[in-house]
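In the two complexes below, subunit A is the common chain; its partner is subunit B in one and subunit C in the other.
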Partner chain A sequence: MANNNILEVENLNVHFHTDEGIVRALNGVDFKVERGEAVGIVGESGCGKSVTSTSVMRLLPGVGEIAAGTIKYYDKNKKQHDIINLKADGEHMRSIRGPEMSMIFQEPMTAFSPVHTIGNQIIEKLLYHEDIDKDEARRKALELLKKVGISKPEQRIDEYPFQYSGGMRQRAMIAMGLACEPQLLIADEPTTALDVTIQAQVLKLIKKMQADYNLSLILITHDLGVIAHMVDYVNVMYLGRVVESGPVEEIFDNPAHPYTQDLLKSIPRMTGNEGKLASIEGAVPDAYSLPKGCPFHTRCRKKIGEVCESAYPERQEISADHYVNCYLHQDLGDK
Partner chain B sequence: MSKFIMHRLLFMVVTLVIISILSFIIIQLPPGDYLTSYITQLRSMGTDVSDEQIEYLREQYGLDDPVYVQYFKWIGNFLTGDMGFSFSWNRPVNELVWERLGLTLVISISSLLFTWIVAFPIGIYTALRQNSLSDYFFTFLSFIGVATPNFLLALVLMYVSFKYFGINVGGLFSPEYADAAWGIGKITDLLQHLWIPVVVVGTAGTAGLVRIMRANLLDELGKPYVTTAKSKGIPNYKVILKYPVRIALNPFISTLGWQLPKLISGSTITAVVLSLPTTGPLLLDALKSQDMYLAGSFIMLLSVLTVIGTFISDILLALVDPRIRYV
Partner chain C sequence: MAKLAENEILKVDGLKKYFPITQGFFNKHVGDVKAVNDISFTLNKGETMGLVGESGCGKTTASRSILRAIDPTEGEVLFRRKNGNVVDLAELDYNKLKDVRSEIQMIFQDPFSSLNPRMSVLDIIAEPLVVQGWPKEKYKARVEELLDLVGLDKKYMTRYPHAFSGGQRQRIGIARALALEPELVVADEPVSALDVSVQAQILNLLDDLKERMNLTLLMVAHDLSVIRYICDKVAVMYLGKLVEIADTEELYTNPKHPYTASLLTAVPEADPHVEWLGENLKGEVPDPSAEIKGCNFASRCPYAKDICENKEPELVNIGDNHWVSCHRKEEIDLTGVK
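What follows is the complex of A and B.
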């Protein structure tokens, strides 16, 4: 069997047309997700993590435009769908959103409509995609709520989002994401808005659901701790590019890109005696005028010299499935 | 919910009592009492008023009683539907008001419906096509609509329809139907006349509403719950109508009650220009001629409607927004 991927993203470029000019949010993002695999996308705010996921779902806001690249999705029957060339609101794309891929959002309070019951919002999805009646949809929604650990679902199903606690809202959001049994679940910072104890519960739930439903998972987060627990493969993003990718142990044990190394250093640890928490110097450059060459050269501690400002470094495989875009790992003999 | 309603009802009664006292004070405000001015008026017209007659009238209106007794007499009568006597019309106030109320409501309600039916679709459309040519077109149009004084529009429409269609549009009926009994002919005639006041009264409201609806909807369209709904694969128009439009409509639904007093007092100037037999001009005349029973009754009536309208708004708001219902 040649291809076990569920999603292949190549050279994805996304531009936002704003009043101040064009923001190049993504500048050639490559990554793939294997069937049943959990893939993490990690990076600072504004690096394009969420833009990547909304592009895959074709839910970019009006000012966002996919300028180049391909997104290929392989459905339940391994049929290939060329996501980029589908109409964002067209029937084909909508038949993928829901039964094939679905998304969990960051802020469960604002991601649910405040004036419709949780049940209504889940049932709506079931009724649209599945050939069932209202009673059956309600029964399924109850089952989902129970599955994600909401107590008294018979009562909770008719309640409004503001009557749920933050953790419960995210559980309900997961239940809604699982409705229609998607193959690929995209979780965009699913725990960022929650407090720490609830975070752990929600992550555990996502992991359990991934196993129970045999889901492929894309987990987007800025939290490397979450990444370490949850995923098999990591993509590190910086300013609209994947700068390093590899199996999770590889990334944590042998980070190759200076950016990844700095990110790992900036995780607070109980052990160690540095006293002061390391941080990455400088600020993320302005997205309206990206630096030439490697975008990280303005903050890089290991900058080699002019070569870093010349052109974007090619992708290098430095060990099995571990890729990095950095001149430190290239043979610069001829340059 | 029932506790919420009881609470509001209680406040409503208290407010109404205070308003009734204020209205009564207003009736009493002009120097002397209204009987004095009535008698002066009669005498100036050359009618002779005998002392017994004056005594009889003073007795009837309780003008020699202490003020609080007068108040209770007045409010007691008001509650039973007797709103006093209009001296300038020489008729009971309630007759005057009821006579005009029906047609006033017909005009007000039709213009409200006109406003909503025209404004909401345009508001939604312009929000969805923000900054497109059609958005600019409707924006331009609605600014003109907001900026045009109603009475001016009324004059222009009267002129145009008289000059080019030969229809005299003043009033609500052609002369031959004005005193006729109700029938198909009279209703058709009414409809022929009705469109001008409805368009005139409705235009400014429509234009304003388009702007508000557009702004409300634009606020909602970017909210995360819209993206969530789209992520479910539901068609766009369903998403937009069910979620952001529904929420953008909330303020309108919940302020529906506030339209209640406007039904009676709204568009007075337009009514004067178009010589419509509605309550607006009646109120204006009452104020001009110090016809205090009529004016006081109007103030009381408008206040009652305002309070009831606010009460209805509170309940509607609770109905459309669960966050309020469950507090």
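What follows is the complex of A and C.
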């Protein structure tokens, strides 16, 4: 079998049923992760990047419903699991969540339980998934904490999350994510709450762990700087869709979607900017009433005309592995 | 009273803000959190200065002490008023302060919590005008003018904040701050709550207003690329102290303090071809209530020597208004950004 993918997501649609109506958080998300690859998902708030990751983990809140699509996961033995058809809290999904795929959350203060020690929370995970006794689990937890660079792990293992600083909590979070040696690690804005010098430490740690454990990584962030240096392949999301995807250098050197182009021009650079920043006019439309056609047409400065409002543009491969959904790159013929 | 030079509008001298730590039934005073520990700088008319540092370094406390939102523990804050008089904001009494406050305004970080949800846009922007006794007939026209200035349609005037996006709310906050044509505007993380595409709109607006109104702006931020885009000079703060002050270009290309250099190289640039040096700092920021004998950065500094742990360095001018507080500033070779 030539398929070297660990995760394949196709046409994923997720709806949230709220009192105000249905929020169409995802409207057909496609992406894949190759084994050992680091894939980034980038976009502004509300674009559905976190919903994508929680759907893959089947951790959507009660009001969220996977309306359509497929999520296929290939485990250590390349056996295929159809994630969508599993019961979210069933035995099968629980055997995948943890030993196979694992997640690092944005806010480690709320992701950890405040009333249990860091050590006990890691040990709990190990005891649930692995056939080992308490002493062995504690020894493993200690080893993990040491591995992620927590100083004095023998003492720290018995401390509570509030006794850890922000950067250390995120390290402990990574240690917990790596317990049971997963194949796929999903990091959802892992450094957004951290200061730049601590962010650099944590990002370097994630990179090192990815190499040491031969992990596949999905990194979700709004920060294009982090994306540029952490991943091999980038998916740019806008309003519940992947509008452009490609190898990291392609995306930064030859962005094809007007949204990606403007996004790249709107960030202030450390090296200084030439002239004014380009800004994208207006704001992201309301997710209750999505614009028809291409969701970006309301803000796009390269809008062609009615065609952009008619239907969502098809995915087009414009160079090797570089895809874009935009009419600018399609032969419109007599339309 | 100390003097201000002709073109100076603000001079902060030896500003300190300690928060006491108390313990026990009698609230015995057992120590202080030295949030701002002896900072000094001057700001010229029409200049934009960035105050940058990591969370907990005291940058917000410093900005709040300067405009007397909180009372500083010690120090002088000299401010030149519109009429040319120089006052010390740190020691003014309440009544006089109210008068001066019309000339100093603030832009807040969170556009969601800084606007009263029960007030219309008109009322929000007119609030400072009302406080300063403007009659109702006059202020409506002024509010229209201000909305135009920040790029909002005046037909939105009767709406309430919930009807606006984050970027639009920040525009309302800016209009409110500019209502009285202040001499000095303090902006505390004005764009950090916004998405990049919207952040660019607000940065361009601030840049534009700065030119048009000859604003003097003190901008507190943690994002170094934002600071570079908008500020003329930058002060870097670490654990309650200023460690380096210089013109923006000079600071970014030729940093002299190891902390500044670490901050600059820690930020990943949004370009995969630019090498990311990443982190060279060990550990994390020490507790701000601890007694530190020497340089407060010594515990994390890759260049620290004996002297750094025993003697506190002074902030000195090394030429061209570049101020550094480091014992080893002449010996070490640091890289900035190109």
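Basically, the second predicted complex is superposed on the first by the 326 of 335 C-alpha atoms of A that agree within 3 Å, B and C clash if a C-alpha of one lies under 4 Å from a C-alpha of the other, contacts with A are read in each partner's own complex, and residues count from 1 in each chain.
Quick note on the criterion: a residue touches a chain if its C-beta (ideal position, glycine included) is under 8 Å from a C-beta of that chain, and two chains touch if they have at least 3 such contacts.
Just so you know, these numbers come straight off a predicted model, no measurement behind them.
Engineer: So, on subunit A, is it clash or fit between subunit B and subunit C?
Structural biologist: Aligned on subunit A, subunit C fits beside subunit B.
Engineer: Examine A:94 and indicate which partner it touches, taking first as subunit B and second as subunit C; both and neither are also allowed.
Structural biologist: first
Engineer: So, does A:252 touch the first partner subunit B, the second partner subunit C, both, or neither?
Structural biologist: After superposing on A, A:252 lies in contact with subunit C but is clear of subunit B.
Engineer: Please name the chain, subunit B or subunit C, that touches the greater number of residues in subunit A.
Structural biologist: C
Engineer: So, A:224: does it touch subunit B (first), subunit C (second), both, or neither?
Structural biologist: second
Engineer: Could you say whether A:128 touches subunit B, subunit C, both of them, or neither, answering first, second, both or neither?
Structural biologist: Touch partner of A:128: subunit B, not subunit C.
Engineer: In the overlaid three-chain picture, which partner chain does A:198 touch, first (subunit B) or second (subunit C), both, or neither?
Structural biologist: In the superposed model, A:198 contacts subunit C only, not subunit B.
Engineer: Which partner does A:278 contact after superposing on A: first (subunit B), second (subunit C), both, neither?
Structural biologist: second
Engineer: Just to be sure I read the superposition right, which of the two partners does A:160 touch: subunit B = first, subunit C = second, or both, or neither?
Structural biologist: The answer is first: A:160 touches subunit B but not subunit C.
Engineer: Applying the document's definition of touch, where does A:35 land relative to subunit B and subunit C: first, second, both, or neither?
Structural biologist: Neither partner.
Engineer: Give one of first, second, both or neither to describe whether A:61 is in contact with subunit B, with subunit C, with both, or with none.
Structural biologist: In the superposition, A:61 touches subunit B alone.
Engineer: State the minimum pairwise Cα distance, in Å, between subunit B and subunit C in the overlaid complexes.
Structural biologist: Across the overlay, subunit B reaches subunit C at a minimum of 7 Å between C-alpha atoms.
Engineer: Return the residues of subunit A at which the contacts from subunit B and from subunit C coincide.
Structural biologist: none
Engineer: In their shared complex, at which residues does subunit A touch subunit B?
Structural biologist: Interface residues on the subunit A side: 54, 57, 59, 61, 89, 94-99, 102-103, 105-107, 110-117, 121, 124-125, 128-129, 160, 162-163, 176.
Engineer: Over in the complex, which subunit C residues touch subunit A? Could you list them?
Structural biologist: Checking each residue of subunit C against subunit A gives 54-55, 165-168, 195-201, 203-204, 207, 222-226, 228-229, 249, 252, 262-264, 266-274, 276, 278-279, 281, 284, 337-338.
Engineer: Hey, which residues of subunit B end up touching subunit A in the complex?
Structural biologist: My answer: residues 222-225, 227-236, 242-243, 246-247, 250, 320-323, 326.
Engineer: Any idea which subunit A residues touch subunit C in the complex?
Structural biologist: The contact residues of subunit A facing subunit C are 44-45, 165, 167-168, 195-201, 203-204, 222-230, 248-249, 252, 262-264, 266-273, 276-281, 283-284.
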